[in-house]
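By letter and in written order, the chains are A, B, C, D and E; residue numbering begins at 1 in each of them.
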């Protein structure tokens, strides 16, 4: 029989406001096995933990139940408390009487009654708990960073700096990501390339960092400390080790009409290309969709001009398998499609552009060499209208756009408006906004400067319709402060398109078994306290894949993710989860049902000798579980017809005891 | 369960640790109310739920049993909820075949972000079970209070 | 809040089936409204005033007879508040009252011309009369 | 193929051409338009209020007639189409509304929302196919520059009408091209002409219509194509003088069945 | 084609022992009554000649006995398998329940077995002897003397609705291989599905309340070969030895049907041996029918190594709520 202590937490008034904590402690005193029961204002506080520790010693407790907040909050805390008092941490059960009781109920009597029942269920379970000891597994001291934007680059640099090898996998031919496409950065207006490209070079030259560009992750197996990852290196038809990046091929290629994705299709590139001058690795790539040689076998110009002999038309996709201890997701974002907002005529006029396109138009390396010329006729625009929140903050049921605020648009729009006025004072700039959101260091000052010093017209209201007529864009909008509908003949309209996670994130999340929210942003292990970790052990988050972020935030998170990775890789061994499956060999049929449902391949079989009741010896095939590989989902326990497979910590009899306690 | 002459169905909710239990916590964080008679049992994954647990709950007096897990495709263990889906499809169809009211059993996918869905589901399910009255078709009279 | 008329507010919300609280005050409805110039209260004001129970001025406004039911605000509202439905509900709560018809059948012949399609009359009667 | 055809009030009176050519062209395209025996006017512009029941019953009856014959319900007039499609949507999605409607109707008349409502344009695009339309063209409208005008009711609300992209539609342009003419895409093609307000407030209507037709002029179109008698009236009377034709008229012309105006 | 008879099998069994193909034979012998034929292991030719029988009452599926029998010693076991039995045989191999190398399987064609309940219904109780010549069944009872019944009138339900006369596994075949049949085996399931909820409940309440928990269904079931059954295991939380009330009657049969779901080959042994005549096979058929409609047709035991539906999934599987509705309405 266990000797159980029950500790009921008030959580200030969070629990005590709706649950009579004293009555709960009193009622639970009489439950089987309970030898001690008390309540306290904050069990998780040092004083509260001391009450638990003292009670464990004083009453020689073999198990404890803490009636408190969700185990997701403080299960670890109380396990450590128990351990400090010499009790096996798995002899602790949490009864969730806050999130699942006091916070969702209002009636004190009913709330108390429910809390008592939840407490009884936890006591019933502890009565059947057994001390568990976690197994150990080794750590592969190498990290994988998926995505080579500023988030991925920074994470990789920081991990490499700590002495661990890192691989970056990037789907594009070069690392750099969105930041490489930007012109200047708010609020300091330093040039994006000037601060990014040195980091790209550092990553390219580091002996700890390997860059798999033009590659993607195709399979992930294993678990924290021991991931087995397959990387698909797409055929770029250029031998990376031979190409010097001289660029001659990209000048001689006769296929000139390929939309240049780096400039968002606003100009053309060749079929063989290097995305931009500072690309890392600076290696050419052949676009198989456009290359005449690859399509029809006729051409071969690039091969002829390449003095390094780097062109290889026969190259195939290559699959690389590598082991990693930690994986960082840094898949970034994209602006959403403007198709569902064509009242703004994005698909009807070339002079309606997105903000990212505007970045390229003002970038010295862009299609207009940094001169602000509008795409339709290359004329200098004199009236520019910026529209904020296009596709952001849309109600879910509107079935277009995103529900969230995209966060970065207010600031980059202020930047665009300011830079335009700075460089072209003859230009009228209007910004239509719903709210201007500038919470960040020096952000509001920046926005105010745009208004006060640069004379940008900020108008509270929204644009309702944009109609191209002749060579102007007729902008019809509301001015809510003056309660007017206003009409502007604009030369250029810039839409601050909402941003969304990259499309590759969803399948990647499935591979990683990492969870996502409804918007396809990766969920963090804890929204406040573990913001750079995914709930899946060993998978970390960096940058906008977790939520909209600007560059400073991204870099901060990238560094934080790196430090988490370093902390993990610094360990030689990892303690596993002891709540794993185990098979009772005497009952096992060896039928393989459990093996077939195990997602981790943790179950193996062997033939064993058994003494039969008639004293003969029979050889039977029986299952055994690799505890380092098992993650404890329990799929096998239900697949097993004989009930030989059970799960430690969530055993059949424990769950049934909870059911019984609840239904009693 | 009768409280002051009013029938309050006892609902046992099996919630997976990663999504639905967290969803229930989020309902708590947002103070989204649902009936007190919903009692949650945490399991690591919805695929841990053995049909025997469900029958046991009914035996002991539960009026409805709901299993909540991550959305298909989002299982923390990759595939657990896919097995849950098959198992419960067959089990619940069988219970219905035996004449057990189909409204007493349910599977709902609730993510960690869907606190509102969790509360709404519990309210809705409780209401549906309440409309049926007490579980009499799968009860064990010896276990009656 | 002045003129708080919460029962009429609830009635209008019920008839319209929309939720003015979802409005984030972006003003896109008023930006897109083709009849804006003839309105004394703009579509976005309807949303806000109804939510605040400040409905009296709307009952007497010109706006309710200016709305074209073209559904532009309804289509483009990012929050699915759909102001056209609210304007419709206000108009109905006016013309449903005895003798409150905006357009009297007797007036119609004077407004006709040879080519005026039937549907203009039918629609106007539906919108302006009970 | 046979479909139920709802002409509506205006097609019986002021917009006879729209109706006449709809029928002629359907015949050429092997579509039989079956008019229900006792249809009533749809009541004009849809009212979005959830408690207006009686005025929507005529639409429900027409829907019921189509659903009994297991046929789609086809309309040409934008207003009828909008009213009937929105009513059908409410019957399918608003339980309270549908039960109230059915309470008004006798048991045999009860309607379950199973009919499909198609605009004549949808019939051409989805059922007949623009390829087949193209085959039947005997007098291609070469050299004509035609601006499609959708107006407000044909496409909105997009969620309900499900006909085309409400902001950047292509269905009429595709038809114009199928008939051999050049489609001129103009930005105000989905902005309201002023609708029934022309009855009371011609000034407002003039503003709307002129803005639209002037814009069309800047794009160099010879004529405006519409499906709606209301639009045609407003744009012609209150616009800046660009000719407006019905889509069925244009179709008839290309099919070579348009009657000679002068012969009349 | 001659129908397989006792003489042929005795000859074959003896031959297999004599030529050393096997060192024991799994077959049938007479029990207390003529109709009550039981599985038996024969170690000698003598024994075979004395006791081995085969006829229209040899419905017993022998495949299950291989699990225990093959563990005894190294020699081979010869076994006679009717078409239904071969499916069970394959399913047990899929589950690696015995070593295929230790078995010599003789497939025998089958045109259906007699159902003693049907004989009793016609001839009455107190059967003293019963014999069949392949066309007619001669019955002698205590009360009515001798009667002749047409064999076709007493063919078992499971054989009338036979799903396959094809032997899907054997080392040697006697008779024809047979073919898979389009049967109407789900008609009764559909009929129950189309009843109202109350009627369904009434139907099963009536049937299952007859259960005396003799465990015959479990003991004969070729899918129930667990080393230790959950119902016998005090640690399983499901142990119960006798049904105390209607819950346990249902509990036992639901769990048993669920445990064999996707593995049951629909051999019908459960219903054959039920002393209370409960149509237990309908529970299994319900699962099979649901599996077929939800996940595509699947026949357990048709192939060795196939993945049972409950240990498999697709991303687009039907949702449980829909499944329950479909399981009610899908009466095609």
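Observations on the model:
Please note the rule applied: contacts are C-beta pairs under 8 Å (C-beta built on N, C-alpha and C of every residue); 3 or more make two chains touch, one makes a residue touch a chain.
Nothing here was measured: the structure is a model prediction, and the numbers come from that model.
Graph distance from chain D to chain E, where chains that touch are one step apart, equals 2. Any chain that touches chain A and also touches chain C is listed here: D. The greatest centre-to-centre gap from chain D, using C-alpha centroids, is found for E.
With each centre defined as the average position of its C-alpha atoms, the distance from chain B to chain D rounds to 50 Å. Once the centre of each chain is set as its mean CA position, chain B and chain C turn out to be 46 Å apart.
Centre-to-centre, using mean CA coordinates, chain B is 36 Å away from chain E.
Residues of chain E in contact with two or more other chains: 230, 236-238, 310-312.
Among all residues of chain A, those that touch two or more other chains are 343, 465, 597, 639, 652, 656. For chain D, the set of residues touching two or more other chains reads 167, 191. All chain pairs in contact, by the document's touch criterion: A-B, A-C, A-D, A-E, B-E, C-D. Taken in their complex, chain D has these residues touching chain A: 159, 165, 167-168, 185, 187-188, 191, 215, 218. Taken together, the chain A residues at the contact with chain E in this complex read 586-593, 596-597, 612, 616, 618-621, 639, 641-644, 652-653, 656. Those residues of chain A that touch chain B in the complex are listed here as 70-72, 96, 98-101, 103-107, 110-111, 113-114, 117-118, 121, 509-510, 513, 515-518, 523, 535-536, 579, 597, 599-600, 631-635, 637-639, 647, 650, 652, 655-656, 658-660, 662-664. Contact residues of chain B toward chain A in the complex are 10, 12, 18-19, 21-22, 24-25, 27-29, 31-34, 36-37, 39-45, 47-53, 56-57, 60-62, 70, 73-80, 83, 87, 111-114, 119, 143, 145. Within the complex, the chain E residues that touch chain B are 189, 192-193, 197-205, 230, 236-238, 244-245, 247-248, 250-251, 254-255, 257-258, 261, 283, 286-287, 290-291, 294-295, 309-315, 317-321, 323-328.
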